[in-house]
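Structures given as structure tokens follow.
Below, chain A partners chain B and then partners chain C, in two separate complexes.
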Partner chain A sequence: MTAALAETGDRRTAPPAGTPVTPQAPRRRRRTRAFDEVPRWQIYLPLGLYLLFTLVPFYWMLLFALRPAGSTSLVPWPVTFEHFEKVWNERSFGVFFQNSMLVGLATLVTTTVIALSGGYALARFDFRVKNAFMLALLCSQFIPGALMLVPLFEIFRNLRMINSLESVIIAETVFQLPLSIILISGFIKNVPVSLEEAAWVDGCSRLRAFRAVVLPLLRPGLIAVGSFAFVHSWNHFLFALMFLSEQDKQTIPVGLNTLIGADSVDLGALAAGGVIAAVPVVIVFAFIQKWLITGFSAGAVKG
Partner chain B sequence: MAPAAPAATAAKTPGRTSRGAPGRRRGTGSSTPRRLPYLLIAPAGLLMLGFIAYPVLSVFYYSLQHYNVTKPWRDGFAGFDNFTRVFTDDPLFRDSLVFSAKWVVTEVSLQLLLGLGLALLVNQTFVGRAVARAMVFSPWAVSGVLTTTIWMLLYNPSTGVSRYLADAGVGSYGTSVLSDTDTVFWAVVVTELWRGVPFFAILILADLQSVPKDLYEAASVDGAGRLRQFVHITLPHLKDAIILSTLLRAVWEFNNVDLLYTLTGGGPAGVTTTLPLYVANTGIEGHDFGYASALTTVAFVILLFCSILYLRLSKFGGDSR
Partner chain C sequence: MRATIHRNRRTTAAVALAAVFALTATACGDDGSAGGGDEGSGKGEITFWDNNGGVRTPVWEKIIAEFEKKNPDIDVTYVPIPITDVQSKYDTAIAGGGLPDVGGVGTAYLANMVAQDALEPVGDRIEGSALKGKLSEQMAESVRSAGGRGDEMYSVPTSANQGTLWYRTDLFEAAGAEPPTSWDRFYEAAEKLTDAKKNEFGFTIRGGAGSVAQALDMMYAQSGIDTFWKGDRTTVNDPKNVEALEKYVGLYKKATPEADLNNDFAKMVAQFTQGDIGMLQHNLGSYTDHVKAFGKDKVEGIPLPPSAEGSPRTIVSNPVDGLGLFKSSKNKTAAWKFIEFAASHEMNSLWNQEAGSIPANTEASGDAWISEVEPVKAAMESLNDPGTKVVQLPYYLPDWNNISKADSEPDFQKLLLGEISAKQFADKLAGALNDAQAEWKQQQ
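On to the complex of A and B.
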């Protein structure tokens, strides 16, 4: 390697004639930069700019939520919680928060359990409708949930589930399922069958072998899928808007939309509502973001 | 169809329990009850039949009907009337389709470029990397409505960033970028970029981790610079992930209405109305379910056609390495 470097180095800095080459300086620089050593400023400058773009909006929301109404200060000091109190009590964000939490957790559980079962079937069995089922999962990715609102509304009306959180939980679960099944079956394929077979030889039932051997290894994948389901249903807006018309059944995004659409927008209240909407997903995100990357690289999309 | 298959084959495997003989599970599959995989996919299958397949079919059905809550006397079979109207007598359809295309292409290409750059950046080793990753990825978790909330505060002409920029001598006071037909496009594009870039960055970063390190070492021994390493090693490795994530994202951006619905409502003067937003307005606010269903059907066909074309053209899964 040194020879190759010296050679190219010589060629580039080739002195006119006769003068002795001093290879030290260029060679050392080349050696430190040889692999993925990038000059620090080439990392920190673009990263700093992008962080500005990412974080200023968050800061702006916090600023409005924490400073008193009418203040134009760029620092939220003195801190006031009047906007939070107002939104939480008067604008019923306390109730919305509970509803959203319920929908989010229920969707998380149902999606993960159903997707585990379906994903296991896809990963470990060959069966007659397998390809048709896979195709249905993929095709459903092309179906816009927003365009299914009217027929879904009619279904839930016939089931007498309008204005009950169950309707939203079912709808969120259903539209979360296809991707979750594809992801989970990818994760299960990555667990060697031989591990399960060893457990069967030891006399475990399929279910017990699955619980004892496969499930622990699926943890990163399940965390990724579960958090997807939670975050999506926490964030999703249209189903709740359509299916829940009673005030005390609504969820946080619908509440936010009401604040946005108010005749005279109360910016402090809007920002405080935004912070309340952001806190749970930010916590979930902070907790899972490392698993997110490993979870994906564990085979996810490549099936 | 699910119950029929096990019935046909049950005779071959009488009395088997779930304790199948190990090692012969795949292939003939005779060692496990044939019913098990069907039971396992049944919950997902039934839910999807009831709440995805049935609504889709009913959309197809309604697209051939006159079905308008405000004009019930016209309800009934319409043949292809709705479709004729879509293609020959609806400038709004054409406008919203054009805007959808512009929106999807702009968003997906910019998100991909920035996301790729960001992923390469935070894939380097540097001090504070973990924190930087967490921060740049964080908008991924934010909803469309919350994005609207945040950016309405930023774009607000009297209290937003533009006011402080005007104080500093940049721009003018009272600029409302969201109500000006010249600026609204880039205003919503930037807003959606803020939320959308992390999706690509996360997926591409995940894939970057699986590029074998020794490839880069070998390349740099051979004298390949960083740019050539990127073009000849990184890009080919990322190809499938990029194709798949751009497709998923394009479909998602096409279908997604949360952000535009809450941020601009399709305005001003309808210039930010995507096709799904137009459909939602027709169906939900205009109560014309029949016509909205025809629009949905057309949107679905266009989406499917574009996706297949894209996968063909990009030679997804083809051996290019």
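On to the complex of A and C.
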């Protein structure tokens, strides 16, 4: 039986100790050979072209940001930081950056915490309107933010929250939650209930078992959801534009738009602003890509 | 017992839900938009929304500082709004409340705001103020026409722009081409300066956002037709305009880069300032970009040529920028003081000098900086020339923006690609405009 399962590649049952796991090895070798048989250029040429296609806009952005105003050189030489100084100091990008960071981090925390509770409920409990609730969550994804703008504006105005970063954080969190809850519930479903049950038997409460057993296993999922929430709120323009008025409350996307005038555009300043806006997102993805891919695949298989 | 607890919980939940709905519903009571305003004490705080925020922030900060120095009992809160989204910001505030006391308002969306009853008429206030008789009559007429309520004005004009033909004097000299002071010279130079293999082009055309407004500039200037309406029918598809349009779009790919198909103004100006392109048609607003890229001596800007030598010049009314007083303001006296100050000779001149556009205050027209900025001087002279015919575009039509942008710009790209003819394009545009005009007249 074990041998049969092993031959079919079923890994649900581990083979007894000492049993050689021979059937796996030839398959891996075959895959490697097939990979080796492909000429390298057939792999690296498309990848190189794709990379070029992806990097060209970044090249232009860096070129405009780093070369002096009026230069038409295709190389940013001599390098100048005048555009960065201009947007950071004169155009208040230092303040916008702080505000965006605050909104992004607060949205990340609130979205992740609420999505964890909602996702856990959906994954672990059966209740009467569960399917309808899931459907409602999915359907809410079809409602564009612009459609809710006026009602949200009125609500925040009546709560005297217009022109406060909290209004943007709440609106961002609300719009991120449906997808985050669905994703998190998928991740939680992947964690066997038996692990929690074992913790309960050992005397843990449900909350303690969740914190000690489930939460550590959700790290890839939490990183995926958290990074999504951060990047989305970092880039989101509409709520910040509508709910915030004073200049010292604005965020980076709105700041970028103010660099485009009715009839003229300072391309150097716009590019420098674009670099400032892109840096945190690039750093976030550089650090978390390993967990992000694990998180997405985990959520995708059994979510 | 358990059933009772469940029932109680359900009741509590229902009451809580109803309370939430009720609170939300009551929150919809005060929209704060139309009416409800007050003349106020003329002191205290007012809010000003700049409709070209960011780009014009430094000059507005100067003006506000001057105003607060002269009016120490008034504080102005400055709010910069990106120009690309100013209309949606106003629309949201009209629907949801929270409009400012004063706001920058362009004629392109003035009708929409007047129709929503958000703006206070300012004709009487102008008559009773130091601005009486000092505002450009051409611009005042554009504001009246754009408001769509007869002779009433709903904003105080502060500046205007004008379609300008920018050309690289160094490239013209090198190619031995004559300055494009007539349409024949323009088309000759466009061909002469083009060498596609070397990536050199005579002209860059606007094929993306804003393409139709620019095409109208070119059509009417070439055809010399001096009115937008003949009775209730538009002149857009007049055979002379169709011929001019055909000639204009014929430049695409022959004397322009192929990528122009998606040019909005930013891309078009970037093409001009970054590449070897001889001519560009854009308004005065891009003057500083050209000077920054080439220096004053290598670029020149002239008004669009007259339809034929010796004929009067025909120009299409470009959007006029102005300051609007909002009906919902609780301190209209202070708000008006600010408008009056910002539109005064000194401040209006300062603002337009920074923006490189034509001041609305006629006292500013003699200021030294205007004679130093040749394109602005030429545009102003052509605008104030009694022989110049101004074709007033129907900004007052509520559907004007939809018709001239969302509906027609994709068709303009088809026209550039040769998928439809100039006549088909003009006829479709004319049909939509005629219907909109008829509908508007019915509603009056």
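Miscellaneous remarks
Please note the rule applied: the second predicted complex is superposed on the first by the 260 of 303 C-alpha atoms of A that agree within 3 Å, B and C clash if a C-alpha of one lies under 4 Å from a C-alpha of the other, contacts with A are read in each partner's own complex, and residues count from 1 in each chain.
To be clear about the criterion, a residue touches a chain if its C-beta (ideal position, glycine included) is under 8 Å from a C-beta of that chain, and two chains touch if they have at least 3 such contacts.
As the structure is a prediction and not an experimental result, all values here were calculated from the model.
Annotation: superposed three-chain arrangement on chain A; chain B versus chain C shows a clash.
Legend: residue contacts after superposition of the two complexes on their common chain; A:41 is shown touching neither chain B nor chain C. Look at A:117: by the touch rule set out above, it reaches chain B but stays clear of chain C.
Using the contact criterion defined above for the overlaid structures, shared-chain residue A:173 touches chain B, although it does not reach chain C. Residue contacts after overlaying the shared chain place A:69 against chain C, while chain B stays out of touching range.
Looking at the shared chain after the overlay, A:247 reaches chain C, while chain B stays out of its contact range. Looking at the superposed arrangement, the partner reaching more residues of chain A, out of chain B and chain C, is B. When the shared chain is aligned, chain C comes close enough to touch A:258, but chain B does not. Stretch 170-178 of chain B is the one among 98-106, 170-178, 206-214 or 296-304 that clashes with chain C after the shared chain A is superposed.
Touched by chain B in one complex and by chain C in the other are residues 72, 149-151, 154-155, 242, 257, 259-260, 265, 267 of chain A. Only residues 1, 4, 8, 34-36, 38, 40, 43-44, 46-47, 50-51, 53-58, 60-61, 64, 72, 74, 114-115, 117-118, 120-122, 124-130, 133, 136, 140-152, 154-155, 170-171, 173-175, 177-178, 181, 193, 197, 200-201, 205-207, 231, 234-238, 242, 253, 256-257, 259-260, 265, 267, 270-271, 273-274, 277-278, 281-282, 284-286, 289-290, 292-297, 300-302 of chain A touch chain B when the two sit together in their complex. Residues of chain A touching chain C in their complex: 69-70, 72, 90-91, 149-151, 153-155, 157-158, 162, 241-242, 245-247, 254-255, 257-267.
Within the complex formed with chain A, the chain C residues making contact are 24, 27-28, 31-32, 47, 52-58, 77-85, 88-89, 92-93, 95-98, 106, 161, 265-266, 269-270, 274-275, 282-289, 292-294. The residues of chain B lying in touch with chain A in their complex are 1-2, 5, 18-20, 22-23, 25-26, 29, 32, 34, 36-38, 40-41, 43-45, 47-48, 50-56, 58-59, 62, 114, 117-118, 121-122, 124-126, 130, 132-146, 148-154, 156, 159, 161, 164, 194, 202-203, 205-207, 209-210, 216-217, 220-223, 226, 240-241, 244-245, 248, 251, 254-258, 261-262, 276, 279-280, 283-284, 289, 292-293, 296, 299-300, 303-304, 307.
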